[in-house]
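The first chain written gets the first letter, and so on, giving A, B, C, D, E and F; residue counts start at 1 in each chain.
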Amino acid sequence: MEYIIIIIGAVFVNNIVLAQFLGICPYLGVSARVSTSVGMSGAVMFVMTLATLVTFLIFHYILVPLNIEYLQTISYILVVASLVQMVEIILKKVSPALYQALGIFLPLIVTNCAILGVTILSVREDFGFNLLEGVVFAVGNALGFALTIILFAGIREHLDLMDVPKGMRGAPAALVVAGILALAFMGFANLV
Amino acid sequence: MGGVHPPENKFAEKRSVERLEPPKSVAIPLSQHLGAPAKAVVGKGDKVQAGQLIAKGEAFISANIHASVSGTVAKIDGVIDASGYRKKAILINVEGDEWAEGIERDESLIEDSNLTAEEIIKKVYDKGIVGMGGATFPSHVKLKVPKGKKAEYLIINGVECEPCLTADHRLMMEKGQEIMVGASLQMKALGVDKAIIGIENNKPDAIAHLSKIAAGYPGISVEPLKVKYPQGAEKQLIKALVNREVPSGKLPIEVGCVVHNVGTAFAVYEAVQKNKPLIERVVTVSGSSVKKPSNFMVRIGTPVAELIEAAGGLPDDTGKVVNGGPMMGKALNDLNVPVTKGTSGILIFTEKESSRPPEQNCIRCARCLTICPMGLEPYLLSSLAEKQRFQDCEDERIMDCMECGSCLYICPSGKPLLDHIRVGKNRVGQMIRERSG
Amino acid sequence: MGQLQNFTKGFIRENPVFVLLLGLCPALGVTTSAFNGLGMGLATTFVLVSSNIVVSLIKNLIPTKVRIPSFIVVIASFVTITELVMEAFLPALFEALGLFIPLIVVNCLVMGRAEAFASKNNTWSAIIDGLGMGLGFAFALTILGGLREILGAGEIFGWSIFAGDGMLVFVLAPGAFIGLGYLVALNNIVKKKLDQNA
Amino acid sequence: MKALTVSGSPHFHTEQSVSKIMYGVVFSLVPAMLVSFYFFGLPAILITLTAVVSCMAFEFIIQKYLIKGPLTIFDGSAMITGVLLAFNVPANLPFGLVVIGSAVAIGMGKMTFGGLGKNPFNPALVGRVFLMISFPVQMTTYPEPTAFTTKLTDAVTGPTPLTIIKDGVGRGESISSLMMQIPDYMNLMMGNLGGSVGEISAIALILGGIYMLLRKIISWHTPVAFLGSAAAFSAIFWLIQPEVYPDPVFHLFTGGLMLGAIYMATDYATSPMAPRGMILFGVGCGLLTIIIRLFGAYPEGVAFSILIMNAFVPLINRAFKPKRFGEEVKNG
Amino acid sequence: MVMTLVIVAVAASFTLATVYNFTKGPIELAREAARQEAIGKVLPDFDELRTEYIMPVTGRDSLEFNLAYKDGQLVGVAVATYTAMGYSGRIRAMVGFTPGGEIIDVVHLEHAETPGLGDKIEKDKSDWSDQFQGFDPREETLKIKQDGGNIDAITAATITARAYCDAIDRAFQTFDANHPNLINKEKE
Amino acid sequence: MTEFLNEITLFSVISLGAIGGVAAIVLYMVAQKFKVIEDPRIDKVEELLPGANCGGCGLAGCRALAEAIVKAESLEGFNCPPGGNDVMQDIAKAMGWEAGEKTPMIAVVRCNGTREFAPPKVRYEGLMTCAFAHSLFAGEGGCPYGCLGCGDCVEACNFDAMYMDQETGLPVILDDKCVACGACVKECPRNIIEMRKKGKKDRRIFVSCINEEKGGLARKNCKVACIGCGRCVKECKFDAISMENNLAYIDFEKCTLCRKCPPVCPTNAIHELNFPPRKQKAEKAAAKEKEPGE
């Protein structure tokens, strides 16, 4: 039950994109097509889970014991960056099909603040997550990201067929859509 | 699924077919059918008799063309036809009304025939019979069942779902017996023992009349059908009568059906039993402003203007003249275009009737999608075509569209849905051709 | 392109937020007030300028294979320095910006400029570029923060503009998206006007 | 003779037009309008007028000066947005807020995307939710229904049935005791209860819905799926714990459920195109409404759930295409 | 290649460590100052402060109890408490109790509540939290009125008010449960 | 100084160095082990890109953009927001796509069937696109080869180099804006637009008609149609004019812009652009002199 609450909270109530403003760049950048956004979501889910797992261990077994929590940012980004690159290289060789589906989005993920943000959030004191909860939290956030980016891609494909006024075409309309989506998602407030 | 109910406006429903005298000159296009144009076998100055072969359809899908009048070939030249473009045609100056030998012109009914299937098909080919419903597909091709396929049903299309048109209706009322004989001959050619004549419920007299006659012809039955447009489209008719769906991109024979128009059945009768080539047909001339809405039996090649004259002349407030039904017919830009084998009607619209409603934003009311007889999404296809996303058009099966016009008819926003879709179909067709070679 | 233009382009024509759509996460996340926006903008500017300097200095010492990881480390270091200094001397702002300070490290703007500009130009140009872009970023964040503060709370930099409640939406998440959306549209129009006059 | 017209087929066109449909919807709203005027009096009339006039005015301004496109303010769509927005706010809402709501509904909800038919979200609901989030106090202070008031201010305010239940359950009181505080079902149906201007009378709204069904303006799929799923899901909870969760009939006749199901969820532009999609859309709306009502922070979830499902519409349209002719070969 | 990266990392970490060492003092000072300020706001004058951590009756983390003495007399206890029931995230607050258990005052330490609504718990945004001054949880109930207590809720932010009460109640319950202990400390 | 060399510094340096080192070694080994051979140009382009992997280009990161660029063999349609124009130019330079001078070309509209010369005979209603109108009929003016005037070409132009002249109903090409991309040529369903050599000082001579009908028919619909009389062919000294299907065509490779042919055209179907005005008398005299000699 606890895990379900974590997931519902991450997906609907504190949606990573709409409420926490993380991962906006890919949200706007890679959402032109539904198929692309599905691939991106898959890649994010994969990396987010893996990265949270690794950084969680690093934080609790290296940084905290040595009293050097201030190195969190720099060590996390190093870990995430090399992790992603490693996964990408391996995937390219081992499973070209999977690489085509997910792998091509991997480079985007290094600088996706959603990953770094979630890894940092998952060790926040006020959540007090244990390892498993942290990973579930990461999965929940990835699901939240997937939900919003796929919904959003659908709306963008729809808007592509409409003649949106010139000034609003592209990013402005996309941002307003995100705003209205965020408004709508406020209905989930305090659900958990 | 689908279908619309445009106002029926069958003004000429009760008018018997009137025979028009041959005009002073005719222009007989070499391409009056689907497929390759026929090759002229006469030249300038040649004397011809009515019913004489003047152009031969040699390709697999093509049809013979016969002189519809007697006289002298004036020239072979481009003549604007219903397509709006100049097409090759044989122009004949009429002199008298002599008929070629072997053609029986009396009206007596000949029921019996001892010809074999091949002989019937041969005759249908020789006499240049094509589908009279409008698509003008050469009939002999349809009668030859391809290897590996088996025909189970012959379907005779007496639906005439297009508003205004009454040509088939009158033919059914006046030539019921002949149609039955024609259908029996077609059944023999196809080797089937079941034929169904589908007629819409708005023609109760025709249903009653043909049902009575059909009782005397084994295997032939008459089925009343719900009134909706396009009930008479081949695939929809098959679905309604035998509940089979012709797969996308396939022909009716795929589900064991062959569909012929009642007009075709009559033409087959005349060709086989009377040796008469397809040189005349029934044409409805109608419209709310027409003085004398009529059904005429006219010679192929007669200029449309003469038909309009015979129906009381062109009204002053005419805005549009349409060749065919109001839903699928083509607007003419010249009144001298000749009547061809596929001309089922000439409709005259007033200026008011002929203007389209002003275009507004699509409100996504989904009416076009609910009524599309092919289960397509016209609003989507139209905007995809407008945005030139032709690959997506193909994926959304734009090629299944049969251009029945229901979507454009129903659209409350007055969006030119079908216009866009036609452009899309053209481009997708081009893409497919480029891909395959 | 002159140095001056290099410096000013970041404000309207190539504004990192409004035109290039880079660094949107902090642009949306921290701009509940003009002050927070300005603070974030200046913090980013600091990181941008300092990492531009360092990157342009060490560009020849780094082999291409580890170029990106090395740059990341450089940037991350400056981010951490910002974090530490801010926590020590501006604890209130540190609280308000929260998670978005460490996230400067993944701000595409910083990484992009370091890679695209600093690693190919001399130190002086790199400083100008970093300053221009960074201040453009700060400019955008301040405008957005100001807009949201005025509409949402009726205040600007804490001074009351009108009495009564503002439209709460604008201090909340949806307001960030909506406000930025319309600002981007506005910037498009301004840019077009500028281009026409030029 | 004048020049002939050449155009593509068909040469017949339906008598229907956008404005005929739109005014048909407005006409069907008349019963609900009358009921609200009866219970909320003059303020209800003024709010509706304000919303309609300002919606049309904003549409005019934006079309004329920002988009510089054709003017379509009289096609009836802005009027519907205005009426529906007014129907979704309390009758004693300050007029300034109504104007702000209209500006948001038309400006942000509709014209941002190019106007009629292009908006992914229902404009009236965008306006309503915007107001709800921005001005929670004003938007949750409902006047008590009193027949034929003409007073503009100082109306007696009171909680809506949904708020009574939500707060009461939060306090741990039982449903049966809370039910004593709300009008009986007959009154709920007629509209004698606290709530937004136009949502109160279920009967009047159903009448309007039937009119639209008969005129084929809407199809039955969305409303039936919406109401049915809301009833079904609330029934499940009710059957499990009748003292904690109110019964389905209560859910159906309170709050904006009827208004939402009949008028907002059936909005052409923002609902799915194909019947199967409409059903899924309606079920989603119903489920979310009940979830938000029972577990969320807000007592009413209709507006949120329809907006959320609006976002799903493009995906639903992709997934639920009409059945293509000849797709599956059935020989029989 | 590997060496370069290591060198960069080492150089970076060395620099960072230096900065860290340099800022460590100020950061702690700033944190301590914030804590002292909050304690000062909710307690009367004191000259000695003892801090201990006690696990609350309910909740996951321990509470920070600051026992304030003046001239060796316990004059009040400032409890840093928290709740997870906030509208968005955790709310932390400092509650000051008299040795008898009456609330002296409450200040928020940290929250992420909705600006304009939930942030009325802040002292400088609204005087809502003044109603806790002199509140005796033994006499009255630390709940909002909708929940049958004696605290006025914040209009349109019931959840925040409820959560704030929960935080204060947690502090009080823990204080109450450990009351003899805490009072005894005075005698030591 | 010793203050700074405390254990925190030590731990920091060691652990971060270790993390960095491990990351680098692992990456190095993985990269060696799982090597995939690819077009080396991709690496080259990628190196020039910012490497921010921001997705601003709409593709999945810098490498994806590099791959796309190399695959497309051109920079058209690609953009890198953080890198800007400089980066794109660098790439063009590195890939050697900038070189290669082309003869400047320009589009010309080969129809002069204005409302005046080819008066409308019917009225067209419906979708205002040439593609559709073309499928429906010969055009309002009746010429099955002529411009339909719905402006598909103008729509297709990405450079604002075309507009529809409302008076004539024909598209007009703006010389200074046309970049000879060929979009309009592709779009025209009747192939009226042709890409021709820009010519010295933008001067061009061409037959502004593509009607292949016989003279009379062509003339019936349009006063300025080429009737295939062949006078220009005779006039041309350079074999630049050919006659096929009743239609004259001027080969711009052979044409020397001598301006001899326009005056002899009985229907004024030959157009000359951007020439100084003719001296009427001298011209006529010259023509008369020549005629007997021919």
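Going forward, a residue touches a chain if its C-beta (ideal position, glycine included) is under 8 Å from a C-beta of that chain, and two chains touch if they have at least 3 such contacts.
Just so it is clear, the model here is predicted, and its values are computed rather than measured.
**Q** Quick one: which chains contact chain C and chain F both?
**A** Neighbours common to chain C and chain F are A, D, E.
**Q** To reach chain F from chain A by way of touching chains, what is the minimum number of steps?
**A** The distance in steps between these two chains is 1.
**Q** Would you kindly say which chain has the C-alpha centre located farthest from the C-alpha centre of chain E?
**A** The chain farthest from chain E, judged by C-alpha centres, is B.
**Q** Farthest chain from chain C, comparing Cα centres?
**A** The chain farthest from chain C, judged by C-alpha centres, is B.
**Q** For this structure, which two chains share the highest number of contact pairs?
**A** B-D
**Q** Taking each chain's centre as the mean position of its Cα atoms, how many Å separate chain D from chain F?
**A** So the centroids are 51 Å from each other.
**Q** Find the geometric centre of each of chain A and chain B from their Cα atoms only, then give the gap between the two centres in Å, rounded to an integer.
**A** Between these chains, centre-to-centre, one finds 60 Å.
**Q** Once you find the CA centre of chain B and the CA centre of chain D, what distance in Å lies between them?
**A** Here chain B and chain D have centroids separated by 49 Å.
**Q** Indicate the whole-number Å distance between the mean C-alpha point of chain D and the mean C-alpha point of chain E.
**A** Averaging C-alpha atoms per chain gives centres 45 Å apart.
**Q** Give me the residues of chain E that touch two or more other chains.
**A** Within chain E, the residues that touch at least two other chains are 1, 5, 8-9, 12-13, 16, 20, 87, 117, 159.
**Q** For chain A, give me the residues that contact two or more of the other chains.
**A** In chain A, the residues touching two or more other chains are 19, 25, 29, 70-71, 74, 78, 81-82, 110-111, 162, 167-168, 172-173, 176, 179-180, 183, 186, 189-190.
**Q** Give me the residue numbers in chain F that touch at least two other chains, ranges are fine.
**A** Correct list: 8, 12, 15-16, 19-20, 23-24, 52-54, 56, 121-122, 125-127, 132, 136-137.
**Q** Touch graph of the chains shown: is it line, ring, star, complete or other?
**A** other
**Q** Please list, in label order, each pair of chains that touches.
**A** Between chains, contact exists in these pairs: A-B, A-C, A-D, A-E, A-F, B-D, B-F, C-D, C-E, C-F, D-E, D-F, E-F.
**Q** Which of the residues in chain E come into contact with chain A in the complex?
**A** Going through chain E, the ones touching chain A are 9, 12-13, 16, 20, 60-61, 82, 84, 87-90, 159.
**Q** Chain D touches which residues of chain C in the complex?
**A** On the chain C side, the touching residues are 165-170, 172, 174, 178, 181.
**Q** Enumerate the contact residues on chain D facing chain A in the complex.
**A** The contact residues of chain D facing chain A are 66-67, 69, 108-109, 111-114, 117-118, 120-121, 126, 129-130, 133, 288, 291-292, 295-298, 301, 303-305, 307-308, 310-315, 317-318.
**Q** Show me the residue ranges of chain D that touch chain B in the complex, using the header's touch definition.
**A** On the chain D side, the touching residues are 1-2, 4-14, 16-18, 20-21, 72, 75, 77, 114-118, 219, 268-269, 273-275, 321-332.
**Q** Could you please specify the touching residues of chain D with respect to chain C in the complex?
**A** Where chain D meets chain C, its residues are 100, 108, 112, 130, 133-137.
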